[in-house]
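Below you'll find a set of structures to go through.
In the two complexes below, subunit A is the common chain; its partner is subunit B in one and subunit C in the other.
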Partner chain A sequence: MDWILFLELAANGAVTGLLYAMVAISIVLIFKSSAVPNLAQGALVMVGAYAVLAFSDWLGLPMWLAIPAAMVFMFGLGIGIERHALRRLAGQPIIMILMMTLGLDIFLRGITLAAFGGSARRMDLGISDDPLFVGQILMSRVHLTGAAVALMVFAALVLFFRTRRGIRLRAISNDYVASWSVGIGVEQGVALSWALAAVISTIAGVFWGAVQGVDQSLSLLLLKSLTVAVLGGLDSLPGAIVAGILLGVLESVVSGYLDPLVGGGSRELVVAVTLILTVLIRPHGLFGDRSVERI
Partner chain B sequence: MTTASAEPLLSLRNVEVVYDNVSLAVSGVSLDVPEGQLIALLGANGAGKSTTLRSISGLLQAARGKVTRGEIRYAGQLVNTLSPQDRVKLGIVQVLEGRHVFEQLTTNENLEAACPVEMSRAEMRSALDRAYTFFPRLAERRNATSGYLSGGEQQMLAIARALMTRPRMLMLDEPSLGLSPMLTTEIFSIIRRINREEGISVLLVEQNAFAALDLVSHGYLIESGRVVMHDTATAMKNNPDIQEFYLGGHGVNFRDIKHYRRRKRWLT
Partner chain C sequence: MKIKLLSLCAVAACSLGTIAQSQETVKFGLCYDLSRSYSFATPSFVQAAEDLATLVNDKGGIEGHKVEFLVQDTANEPQRGIECYESYKREGVLIFDTMSTPVSQAVLPRAMRDGNVMMQPLVGRGDAIVGDVFDWIFPVGPTYWGQAANAMDYIKQQSGGSLEDTKVAFVFMDHPFGYEPQPVLEEITKRENADIRFFPFPLPGVDQSSVWSQVRRYGPDWVLFWGISNMHVVAAREMRRNGIPMEKYIGVNWVSKTDIENMGGLGKGLKRSSVVDSDLENPLRQEIVDKVYGAGKGAGDVAGTENSYYMVGLALYSIAFEAIRIAAEQTDGPLTAEAIKAGYESIRDFDNAGLTAAVTVTPEDHGGGGKTRIESWDGETWVQETDWFSAYDDIVWSIARDAASKYED
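Now for the complex of A and B:
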C-alpha cells in the first residue's frame, strides 16, 4: 500500500471537509435556534460569494474591503430573510417551512443568475496556486487557508456562546417557551442566528469561490454540507467540525482508490451513502441530542 | 405607591380564553392580586388554572390560545395585547408547570440567560447572589448541567430564574408537581420568604390545595373555566366541599360527586 498517497488523500480530504464544515455550521446555527433545516444554505453561500464579487468588481473595492462589506450585507440579508419569510411561518407545519427554504433557494439562484449571468467568475484572493509540500504530501494553499479560517470561525462561535448574548441564544434553542417566559427575545435571537449563518456563508463562499470559481454550482454545496450537519447531529457545532473532517477524508480516500477502477464519480456516491446510512442507523448523528429526533 | 394599595396590582375581569379559535378553556374568570399578597388559584386538572396564568403572562400565544374577551390590568395598565417579553419587562413573570429549565445549560447559565439585556455585569452579579441566598442548594450546583439536577433542584432553579427578571409579580404553576412533601414544604417556605423579603406579589396555581392554603391569604377555586369560589384561606380550608374534594377527607364515591355537582351548579 502506498502510504504517501493515502496520507495525501486523507490530508486533502480533511481540509476540504473543514470547508464543508463551515457551511454545515451555518445549517446547525439555524437549526439549533429555530429547528428549521435551511435548504437555502447552499444558495446563501453562493449569494455571499457573488456579494463579494459585486463589491470588488462593480464598486472596485479591494478584496480586504469587499469581503467585510459583503459580510455586513449578508448579515442584513439573513435578518431580512428571517423577518419577512420565516417568522410568519412560526407554528406552521414543518413541511411548509421546508418548502419556504426551498423556495428561497430557487429564488436566490434565480436572482443571481439574472444579475450575474451563468458563466463562472474568478474569485482572486491573492493566495498563490503553487503547490505546497508538507513533508512529501502535496497540498493546496487555498484549501489550507480555508480550513484554518473554518477552525477560527468555530473557535469564535464557541467563545460567542459563552457571552450573555450567546447564552440567551442557547437558551432559545433549548426551550423557546421557557425563553419567552423569562422575557428573552426569541424572535430577535432567531434572527441573529440567521444573520450569523449568512455571514459564515459569505466566508465559506469566498473560499469555495476561490477553489472552484463563482457560479450557480456553489449552491450545490448544500448537499454535502447538509450531509455533514446530519452526520454530526443537526444541533451540534463540534459535531459539524468532526463530521466535516470525517466526510472529507472518507470521500477523498474512497474516491482516490475507487475512481481509477470505476472511471470516476464515486465522490458523490460516498456522500449519498453516508447521508442515507446516518439517517437509517443513527438519525441523531454522532453528537446530536437524541431528543432532536422528536422534532 | 399609596394608590397601589387601593387598586390591586393585577386584576382580571371576565377573561375568556379560546384555543385554536374553537375550544373555550376559560369563560369569564375574574380575580385580583393585591400588591404584596400571596394568592392561590386552586382547582382540578383541566379546570383552566394554567390557561388563566398564561393569559396573564402572554404565553397563550405560544399555545395558540387567545384572550377573546375581558380585561387583564396590571399596575393600572391594560396588558391584554402585550408580548410576553414586554410583560416580563413590566414585572410579570411565570414559572412554567413542569419546570422547563434550559436543560443543556448549567445552573448559572440558566440564571444568566434570564437577566434583562440592559442589566450591567455588577447588577447581574448581585442578582445572582440574591438568587443563590434564597436557594443555597443551587449555589452548590452552580456549574452542573441543569438537565442532571434533581426534580426539586430544577423547580428551585425555575423559580430562581424567574427572580432574575426582577419581577413585581411572580406566578407559579404547580411548583409542588412531582415533589416529595418535604421538598414541597421547603419550596413553599422559600416562596413565603421571597414574598416577605422582596415584596413580590405571588399568584400560586396548585392542585395540592392543602399545602397552598397554608401559604396564601386568599384563594380562588376554579372549575370548568369559571371561578366558583373566592374566600380567605382559612374559610376555604373549613369549607366542607373543599375539604372533601380537594383536601381529601373521606373516600370519594360516585354518589358524593353527583351530589357535589348539583351543589356546584347552585354555587355558580
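Now for the complex of A and C:
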C-alpha cells in the first residue's frame, strides 16, 4: 500500500471537508433557531461569492474591502429573507417552509444567471497555486487557508454563543415558547441566525470560489453540506466540524482507491451512502440532540 | 474556398432584388440549454447565429430566402427539448439544433421519423456521422472520437513518430461525455503500444484534487483532458499544484478565452483541440463587426464576438447557410427539409472563409471529414501548432459504424 498516497488523500480530504463544514455550520445555525433545514444554503454561498465579485469588479473595491462589504450585504439579505419570506410561514406545515427554501434556491440561481451569465468567474485571493509539500504530502494552499478560516469561524461562533445575544439564541434553540414567555425576541433571534448564516456563507463562497471559480455550480454545495450537517447532527456546531472532516476524508480516500478500479463515480456514492446510513442508523447524527423538537 | 462564404453573401446581395421579397423565410429552431449545463457556450452560439442572420438578411438573404432563428431554452431537459421541437415543427422550422447531448438524444428519433434536418454538431450521437443510417442528422465537424484520435496523433508526432511507451493520462469528467472517446483511445493504445491510463473526476468537476494526486504519481508524458469550461480552470490549478507542466496538457475543444483568463496566468502553454479558426481577423467575423455591429444591429456586446464559442457558432451556421444556398440553387419550388438535406450532402470543400477545415459532406459521411487542429496559448493568443488534420479515420469509422448498426437494430 502506498501510504504517502493514502495520507495525501486523507489530508486533502480533511481540509476540503472543513470547507464543507463551513457551509454546514450555516445550515446548523438556522436549524437550531428555527428547525428549518435550509435548502437554499448552497444558493446563499453562491450569492455571497457573486456579491464579493460585484463589489470587486463592478464597484472596483479591492478584495480585502469587497469581502467585508459583501458580508454586510449578505447580513442584510439574510435578515430580509427571514423577515419577508420565512416569517410569513410561521405556523405553516414544515413542508411549506421547505418548499419556500427550495423556491429561494431556484430564485437565487435564476437571478444570478440573469445578472452574471453562465460563465464561471475568477475569485482571486492572491493565494499561490505553486506546489506546497508538507513532508512528502502535497497540500493545496487555498484549501489549507480555507480550512483554517473554517476553524476560526467555528471558534468565533463558540465565543458568540457565550455572549448575551448568543445565550438568547441558545435559549431560542432550546425552547422557543419558553423564550417567548420570558420576553426574548424570538423573531429577532431567528432573523439573526439567518443573517449569520448568510455571512458565513459568504466566507465559504469566497474560498469555494477561489477553488472552483464562481458560477451557479456553487449552489450544488448544498448536497454535501447537508450531508455533513445531518451526519454531525443538525443542531450541533461541533458535529458539523467533525462530520465535515470525516466526510471529506472518506470521499477522498475511498474515491482515490475505488475510482481507478470501477472507472469513476464512487465519490458521489460515498456521500449518498453516508447520508442514507446516517438517516437509517443514527438520524440525530453523531452529536445531535436525540430529542430535537420540530416546530 | 476561403472566399466562398463571402461570395455566398455577395451573391445573395447582388442577385436578388425584388425576388428576395417573394421567397419564403427559412426558419432555424434552436432548442438550446441557455440556463444549465451548456450555458457557458450557448449564448455565444445564439449571438453568432443572430449576427450571421442579420448580415445575410441585410444583403437580401440566401438566394432570396431570409433567415430567422427561433430560440427557446430547454434547461438541458429532454422533455422540454421535445416540446420545443414539436412547437417549432408546427411553426414551419426546417432545421433544428439542440446543442445538448441529452436533448439531442431525445429529439433525434423524432427528427428522423419526421424527416427534418437536425444539425447536432459537436454534441449528441457521434455515430450520426454515418449518413446512410442517420440520413437526417448532420453533425458536421469532428466527433469526440475524432478529436481524441487527432490528439493522439499529435502526441505521436511530438514523440518522434511513435507512441510506444508514451504515457498518456486521460483525465475526464465522470459523465457519458467523458467516456465517449475511450473506445477510440483503447484501440489506438493497442495499435501503437502506448500506455494510457484513465482518471475520472466527479461532476460538477470542481473538485479534482484526489485525481491529480494520482496523475502526478503516474508521471504522464501527456495529459488529455476531457471536460468543459470551468473544469479546465480547476485542472490548470491542480496541475500547477502538482508540478505538472501546462505544456503537457491537451484539452478537448471546450476551452475558451474566458477559461484562460480565469486561470490567471496559469494557462500559458496549454494546448487544445480546435474545431475553428480563433483568429479575430477572420474575414467573416470582421465583416460582422463592421457591418452588423457598426450599424448597431449586433445581437450582443461586440466583445462577445471575440469568444471562441462565438467563432464556433459562426462556423456551424455558415455551413448550414451553405447547405441552404445549394438547396435553393438546386430547387425550383419552395425550400423543403428534403432540399436542405440534399444541399448539405452536396457541400464540397467548404471552409467557411477560412473559419474551419475544408468540409465535404456526402450522403455517406455527414461529419464532413472530422478535421481539427491543435492550438496552444502563448500567454496572449492562440498559436497554431498544426494545420487541419484527421487521423486514425479507420478506427473512428469502425466504432461509428458499429454504434450506428446498433441504432438500426
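Keep this in mind: the second predicted complex is superposed on the first by the 292 of 295 C-alpha atoms of A that agree within 3 Å, B and C clash if a C-alpha of one lies under 4 Å from a C-alpha of the other, contacts with A are read in each partner's own complex, and residues count from 1 in each chain.
The working rule: contacts are C-beta pairs under 8 Å (C-beta built on N, C-alpha and C of every residue); 3 or more make two chains touch, one makes a residue touch a chain.
Note that the structure is a prediction, hence the values are computed from the model and not measured.
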*Between subunit B and subunit C, positioned on subunit A by superposition, is the outcome a clash or a fit?*
fit
*Touching A:Leu125 in the superposition: subunit B (first), subunit C (second), both, neither?*
neither
*Using the superposition on chain A described above, determine whether A:Leu39 touches subunit B (first), subunit C (second), both, or neither.*
neither
*Of the two partner chains, subunit B (first) and subunit C (second), which one does A:Val182 touch, if any: first, second, both, or neither?*
first
*In the overlay, answer first, second, both or neither for which of subunit B and subunit C A:Arg168 touches.*
first
*Any idea whether subunit B or subunit C touches more of subunit A?*
C
*asked:* Just to be sure I read the superposition right, which of the two partners does A:Ala51 touch: subunit B = first, subunit C = second, or both, or neither?
replied: neither
_Smallest separation of CA atoms, subunit C relative to subunit B, angstrom_ = 38
*subunit B/subunit C common contact set on subunit A*: none
*Considering the complex alone, what residue numbers of subunit A touch subunit C?*
2, 5, 8-9, 12-13, 16, 110, 113, 117-122, 124, 129-132, 138, 140-141, 143, 208, 211-213, 215, 217, 220, 252, 255-256, 259-260, 263-265, 267-268
*Provide the residue numbers of subunit B that touch subunit A in the complex, in ascending order.*
57-59, 62, 64, 84-85, 87-89, 93-96, 100-105, 109-110, 112-117, 124, 161-162, 164-165
_Help me check something: in the complex, which residues belonging to subunit C touch subunit A?_
34-35, 39-40, 42-43, 174, 178-179, 197-204, 206-207, 209-211, 213-214, 216-217, 229-230, 233-234, 237, 240-243, 256, 258-259, 261-262, 264, 266
*For subunit A, which residues are in contact with subunit B within the complex?*
91, 164, 167-168, 170-171, 174-185, 289
